[in-house]
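Alright, structures below, take your time with them.
Each of the next two complexes has chain A plus one more chain, namely chain B in the first and chain C in the second.
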Partner chain A sequence: MVQFSQLRRFDTSFAAISDATRRGVLEQLGRADASISELAQRFDMTLTGMKKHVGVLEQAGLVTTQKVGRVRTCRLGVGGLREEAAWIERYRQMWAARFEDLDKIVEQLKQKESSDGRSTTE
Partner chain B sequence: MVQFSQLRRFDTSFAAISDATRRGVLEQLGRADASISELAQRFDMTLTGMKKHVGVLEQAGLVTTQKVGRVRTCRLGVGGLREEAAWIERYRQMWAARFEDLDKIVEQLKQKESSDGRSTTE
Partner chain C sequence: MDAVRPSEQTPQPVTTTDRHSEREVVVTRTFDGPARIIFAAWTTPELLMKWWAPASFGIRFLSCEADVRPGGTYRFVFAHPQSGEPMAFVGRYLEVEPPSRLVWTNEESEEGSVTTVTFEERDGKTHLVLRDLYPSKESLDEAMASGSIGGYPEQFNQLDILLKGAPDVGSARV
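And now, the complex of A and B:
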């Protein structure tokens, strides 16, 4: 059985959103479709640089592009980061439980200390 | 104003979880603290390889380590991916709205087509 954490697809999608420009491009395309050159201009980047970023997003299924004439239009892809969100959510629950456990241990140690303190003074 | 998408910190954290082994390490440490060598053994990896992965997680604030004698123990760090989860959630909402818009446009085109069809046959 493949563990959830071991889905290689997540490698591509999390890597795709590990760049501020690429996250910005996704937000921009969430508002409206845009051509590569519009995106390049908006993010103050060369066409070549923007093409690379869009390529990474495309490979992760987060963006699709379509060339009509000389213009390549970018829009959001079908990948909606649903399972990635679920992984993070699961991790957050585990994380919270783990810190709650630690809090309890610290609390128990404190109580033990204060009761030990009392028995010494008796 | 720094945009949410432009938080450079996200670059480090999303990159840290863009690797199946590192996600596995986080899940493992969510169950119990572990030494580097225990982790290396569990993920069938050299000590050097595991040290690198733990280093990446540590830099992202997702793991902390403490060396006692010859053993370096790893535990979950204070970084709980809370804001990263919020970014993805915001993106998912935008994504859903965008696809809903497209659905509406397709629906309108269909209705127009069928009413055009009717007026031609009249």
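And now, the complex of A and C:
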């Protein structure tokens, strides 16, 4: 049974990764730590805009930041939360995509069954 | 806290995913059709090839062999534009109980999961529960940390799936 606290934690994580830029930031930080200004540059955004995105990720525990001098460095959150939340979401998306195609197959087979059924009973 | 069991929810095409335990991930979905049809789609190579690798993955089936009986083996081979080498996914069927239950191993990696799928029919609809049980907490943690999903290496998923679009946040765990 999934605990309520876990659900809440995941909800925050899912909201945080519902945005393409934030997912991109996570991918980027998965490769290397980066400063907010580096991220802003890479994603062609203002510093303020990137600060907001990083703030959301930080609240979800997906990213931690540390200010040294004038530079705030971002890195992936500790404890594997990023990996787990992102993995489960991608895993869900994989199955959801498969099942959308499977829906079509089921529909086709149902139609075939009903037309076969008619032809054999007639 | 009373949780609504998946099979008691209003049937709707929502795919839910949970880490149910330290070494298990569970997927649920309801299909608008009888279990025998859903079961056939999971156990017939020609049908599997039509849905197991959706076009949105960028993955293409090269071949699909499945000897669906207890002890029988399967071998799915895919091509992907980002990979020069075809990728093979292999394993064995452990339990085959049409139209309600299918269990197979995932043996392309050493610490692969055992997948159990059950099909429960009610009023013409079929509720599917898929459980991926890993041999240990460490092996599931490892799979998550590697980014590999369902045996697909990270690069197969990251851009194709993760960045495909906004996830369905509201319905992720209805």
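As a working rule, the second predicted complex is superposed on the first by the 72 of 122 C-alpha atoms of A that agree within 3 Å, B and C clash if a C-alpha of one lies under 4 Å from a C-alpha of the other, contacts with A are read in each partner's own complex, and residues count from 1 in each chain.
The rule is simple: a contact is a pair of C-beta atoms (placed from the backbone, for glycine too) under 8 Å apart; a residue touches a chain by one contact, two chains touch by 3 or more.
Owing to the predicted nature of the structure, the values given are computational and were not obtained by experimental measurement.
S.K.: Is A:116 touching anything from chain B or chain C once the two structures are fitted on A? First, second, both or neither.
M.R.: Touch status of A:116: no partner.
S.K.: Considering only touches as defined above, state whether A:76 meets chain B (first), chain C (second), both or neither.
M.R.: After superposing on A, A:76 lies in contact with chain B but is clear of chain C.
S.K.: Return first, second, both or neither, reflecting whether A:105 touches chain B, chain C, both chains, or no partner chain.
M.R.: It touches chain C, and chain B stays clear.
S.K.: Under the stated touch criterion, which partner chain does A:27 make contact with: chain B (first), chain C (second), both, or neither?
M.R.: Both partners.
S.K.: Taking the stated contact definition, name every residue in chain A that is touched by chain B in one complex and by chain C in the other, in rising order.
M.R.: On chain A, the overlap between the chain B and chain C contacts is residues 7, 10-11, 14-15, 17-20, 23-24, 27, 30, 80, 84, 87-89, 91-92, 94-99.
S.K.: Can you list the residues on chain C that touch chain A in the complex?
M.R.: 1, 3, 13, 15-20, 25, 27, 29, 31-33, 37-38, 40-41, 47, 50-57, 130, 141, 143-145, 147, 149-150, 152, 157-158, 161-169, 172-173
S.K.: Quick one: which bits of chain A touch chain C in the complex? Just the residue numbers, please.
M.R.: 1-2, 4, 7, 10-11, 14-15, 17-20, 23-24, 27, 30, 80, 83-84, 86-107, 109-110, 113
S.K.: Applying the document's contact rule, which stretches of chain B touch chain A when the two form their complex?
M.R.: Touch list, chain B to chain A: 3, 5-8, 10-15, 17-20, 23-24, 26-27, 29-31, 76, 80-82, 84-85, 87-89, 91-92, 94-99.
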